[in-house]
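Naming follows writing order (A, B, C, D and E), and every chain is counted from residue 1.
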Amino acid sequence: MAKTITQEFVKGLWDEIPPFRLVLGLCPTLAVTKSVENGLGMGVAVVFVLVCSNMLVSLLRNIIPSKVRIACFIIIIATFVIVVELVMQAYAYPLFLTLGIFIPLIVVNCIVLGRAEAFAYKNGVVRSIVDGFGMGIGFTISLTALGAVREVFGSGTFFGISVFGPSFQPFTFMIEAPGAFVCLGLMLCMMNLAGNK
Amino acid sequence: MVDNNTVDNNTVDKKKFIVSHAPFWHDGSRISLRNYNIALAALPAILLGIIYYGIPAVGVISLSISSAIIWEFVFCRIAKRSNTIGDGSAAIIGMLFGMLLPAIAPWWLVIIGTFVAVIIGKQIYGGIGANPFNPVVVAIAILMISWKDIFDFNEALMNYDLDFVMVYPLAALKHFGVSAVDSFSMGDLLMGKQSGGIGSTFGLGLIAGGIYLIIRGIIRWEISLSFLAGIIITALIFNLTDPVRYAGPVIHLFAGYTLIGAFFLATEDSSSPVNFIPMLIYGAVAGFMTVLIRNIGVYIDGVIFAILIMNLVSPLLDKIRPKAIGKVA
Amino acid sequence: MIKRSFIGLSKPRLKYRSLEDTPSLKQIPTSKEVTLLSNCPFDKKKLLFKKKVAVKTGQKLLLYKESDEYVVSSVTGKVSSISSYTGDFGRSYTAIAIEVADDEEIDDEFKSAAGGSKDATLETVKNYLAFAPGNPPVKLLSDKDKPINTIVVCCADSDLLTTTNQYIIKSDIDAIKNGISILKTITGVNDIIMIASQSQMHEVSATGEKVNQVNDTYPSALPHLIMKDILGKVVPAGKSPEDIGVCFISAEAVASIGNAFNSGLIPATKIFTLVKKDGSKSLVSARIGTPASDIFKAFNITLNENDRIIFGGPMTGLSVYSEDHPVQPDTGAIIVQDKDDIPVISDYPCTNCGGCIRVCPANIQINLLVRFLEAGLYEEAADQYDLYSCIECGLCSYVCVSGMPIFQYIKSAKYELGRANTAEATNG
Amino acid sequence: MREIIKMIVVLTVLSAFSGGLLAAVRGGTMEKIEYQQLVFVKGPAIRNILEGCSNDPIVDRFKIKDGDIERSFFVGVFDGKADTVTFESFGKGFGGDIGLMVGVNINDDKIIGMGVTTHSETPGIGSKAKTDPKFSNQFKGLSAVEPCKVKPDGGEIDAMSGATVTSKGVCVGVTEAGNIYKRLKPQIAEKMKEFK
Amino acid sequence: MGDYVLLAISCILVNNILLAQYLGCCPFLGTSKKMETAVGMGMAVIFVLVMAGAITWLIEAYLLKPFGLEYLRTIAFILVIASLVQFVEMFLKKSIPALYKGLGIFLPLITTNCAVMGVCLININEEYTFIQSLVTSFSYAAGFGLALVLFAGVRERILLARVPKPLEDTAIGLVTAGMLALAFFAFKGMA
């Protein structure tokens, strides 16, 4: 059952939204979502890498021999990751500092490799780009949402702007590591409740 | 739970009898009874806290108990489970949680705390008996790292003017060394003449409650005693290496959450081991960790995190068990 | 019922009842109809006899073709019905009801086949005495695959409240002596070990056999614990004592054998304890097959809805559906429990309180085992959590704070696993 | 065989493409990255030291070769006069190197300020070197050409409580900065003229 | 020597790679349902990480740095790790089949275990010496294994608990991991 282009895009936003539905790419999800801004920044970086790598992999899918495909994927992905790394250093240095080693670690993010292997290697260029874009946007949404929840409760701010006023005593637990896990777990629970597939 | 075995036509009788499996006797123990006994044992400590800290303490304790019960009720409703308020475990969670708080704890803190304890700590794991961590300890740990000021008993209880020095011994020890706690006599500490949580300062009351629970067989004595032994031995070792920086066992034993931890927190059923040797290890290492955190960690009191760490290790510890009869290999 | 003591630090001490004096024995008159239960599954097509067949007291009734299962009639009369009876876990039994005739006739097949005490053979015992009071373990004794080299005669009673063995030791020591000498001759086993409680030591020593004392706290008189504590042999998990050459036989069964050869008649009267709702106990003697209702009538016991009738001791017995359940050769006690005394069984989860671990005589990690059993993971329970080490004393359920039917879980797990294994074996 | 050749060719081409792309991006962003790093890593310390200067010290920078190493100097213009220079040096702390910026007035060789840029000291103890102005302000007005020491070693600097090693490390760094300054003063003075 | 011990304690407990630095979460959740797989994964990570840590350090020091190619670090490291895992797998299969049986299924998973790549990058970022890198690689991996084994222990317990439906499996696993991270707060300030 072939999906339309729109369906390919939309599936990444809800049905297969990473990291909730596909439990992949948890590390950056947990690590960089102390604030909305970080979550968004990470998301954008992943979108870029995902779209570019999906495009290139699908372009080259007839040339790449299947035995060395993983190696080829890794080279392609790593290349774009470095591009992101350099560009981010040049134009968004503070973000680069907060995201730290998680930018280079996009290279081992299961989502990117997973999409290359599971989708781009088997589908046409346009589809692959749409798929990558959808997945990337989905990932960004998840990260932003998690970042929003953690920032609002953990620091009482949203994009750095105070939400509850000065009398609010932030629930610091949320921006600490344990809070990240618990929060993600509970959001996953909400997702399961919402989408009784 | 009645067996649904079919009855042969010949033997059908008008009267229905209860048919169930052996044994047909039971020793009459019940979860609710256990929990009421725990509440009874905690009563002296709570009463003294109320005498010292007055109405606010009553408020905190009652709000804590009632909100814990309400959370449990709400969860059971939402999850469509049979109501489990009756077993008293939510009430105990609320009560112990309240006992650890300072008397000035704001209402929202109590409510968030009991939510974390009852829902996150216990219910989402499937309710009583399934929680891998002590719910009260989880709640206190989470609140402690979020709102440090409220758990800084020195600052929190500044407005109280009682007939003893309102100093939190462990904070004084941490910041100013052993000389700062010289003024505390063992008697004062046992009588709760120190600053601290509502129900965690009255050493004598807690010990009495603990002994009561041990005698009734409700808590496992191995855990309590080895916890205290772990604290004494570790404190002694530290004290011997540097008597100026590290206090002796008395302060460690009677200040902070030690006693309530030994008798009421570490002994929580579902998060602690049940075999003999694991119980000893569990208690002793928890005691060791407590003193270690107090002396070289960043926290003023280590009981909470020590227990949490040992809760984590408890399933592994429980793998050390005596060989079952006739077990081959 | 014995409640938990105020001081809960020590293990619960459930003491065996000890008979100080020889109590009076209440004889129950022969009923109008008795029912004999055989462990054999009911199978109408293979039945060897039909309704209306006349039987005599002490007559052996072979049940099915190609099977050596039999029952021994305890009365004279006519078979009034043969039906299926469903027991625990849906196991099927054969129930033979006999309408009692007015005049009693004694069957002499056994007398002519057996001869006197001196002529006793293992074959005769196997062929005629399996249904005698105390259920002599004739199959185990004659099993060629598992040779028996030690016979343990249990003079103490294994469950609480039961006193049958003790009564027989007090009243009929000669039959026991006779039975033991017969056992020795027919099996060739000379290693006979008598197990007696402290109060019985004197009487049992009179038999001249080796006597070992057993502790007076439940469950020390259960076979597995006798093996471990007194014989110093541990039965491997999932095996029974006979697998390592030890056969357990109750004093009652020994006396049955002794009496049978002495009198030339298969004994048909069963002695057991009746425990009334108020806890008072009487020693009763009734024909095997007597329905419980006749016994209750004799003692003016009335039962109400939701009461409980227990055949056997309080820890290991069976509760029954009907007042008409018959006395069986191994019924040590009949206990009547008022509905208010019945402990509540709940579906609460295990709270990990550790009470069961403290009392378990077999060192099983019950708190974990029960989680697996609840989830129906019997294989894991057997592999990792020592399901088969359980000696079935029931103490875990007795102390369970949550009121979980742990013992039932264990028994049904063993049953299900056993069934799965058999199915596997037959399917190849 | 054909397949192996294909694999090798594909991998090689991919690697070449990747290398080329990366080299190009690298070339395009290098300058920018360097500037960004200066702004965000050393910038805060520099601005702190050169508080009140009228220029952007990160733009007004020059490099001098010191043996094998190339050092960056940031110029501060006060009252229209470019007479202050800040530069980096390193000291050894408890948890590794401590990077610090030192600002020197080239007219009187006096230190006008010091700030820690990078360190891996114990949070809450040694890390105060960066955050506690009480500590760093002590260096103001000291002579850049004299060695700098903590009080126990006969110097003038009060060590931070519980962090003697870090304090000493910072002093070593400041002394090292003085040495660099002494060594390179002629060149610095030469370059500074361009900003006048 | 004492420094190394402190470093090790810091890497195993205080800055636990998993619970404090969020690296390696996917295998953490994936392989912790059973104790055996947890132990296997822990061993495999220790094994690979020590080798990867050493090799990447050498590459950084003798290849990337001298030629000014630091910006290629990401691609170089991932290729090294991927081929190392392949090589280790082949080597084990041939020469130590027993070990391969234990670790085999986990080895391919390690390529995408960001803990491995992460530790290699941390080693470079923190400018550790070669010996320090070895120590940290081993300790981080040991910390990973420790957390994994502890987590598996807890998870085996809650596997049979009556967890509400929407929370089953991953969700409750994440919450428990949070508790684990919370418990590791105990070690704060100890090294």
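FYI, a residue touches a chain if its C-beta (ideal position, glycine included) is under 8 Å from a C-beta of that chain, and two chains touch if they have at least 3 such contacts.
Keep in mind it's a predicted model, so treat the numbers as computed, not measured.
The most central chain, judged by C-alpha centres against the centre of all protein C-alpha atoms, is B.
Each chain's centre was taken as the mean of its CA atoms, and the one lying most distant from subunit D is C. The interface with the greater number of C-beta contacts, when A-B is set against D-E, is A-B. Centroids of subunit A and subunit D (each the mean of its C-alpha atoms) stand 35 Å apart. Measuring from the averaged C-alpha position of subunit B to that of subunit D gives a distance of 52 Å.
In whole angstrom, the spacing between the mean C-alpha positions of subunit A and subunit C is 68.
Each of the following residues of subunit C touches two or more other chains: 349.
Each of residues 71, 75, 78-79, 82, 86, 176, 178, 182, 189 in subunit A touches at least two other chains.
Multi-chain contact residues of subunit B (touching two or more other chains) are listed as 120, 124, 126-127, 130, 142, 145, 298.
For subunit E in complex with subunit C, the touching residues are 160-162. Taken in their complex, subunit C has these residues touching subunit E: 349, 371-372, 374-375, 377.
Those residues of subunit D lying in contact with subunit A across their complex are 3, 6-7, 10-11, 14-15, 17-18, 21-22, 25-26, 29, 32-33, 36-37, 39-40. By the touch criterion stated above, subunit B contacts subunit E in their complex at residues 79, 120, 123-127, 130, 132-133, 138, 141-142, 145, 289, 292-293, 296-299, 302, 305-306, 308-309, 311-313, 315-316. On the subunit C side of its complex with subunit B, the touching residues are 1-4, 6-10, 12, 81, 83-88, 90, 95, 97, 160, 224, 228, 234-239, 303-310, 312, 314-325, 335, 337, 339, 342-343, 345, 347-355, 357, 361-365, 367-368, 386, 388-389, 391, 394-395, 397-403, 405, 407-408, 411.
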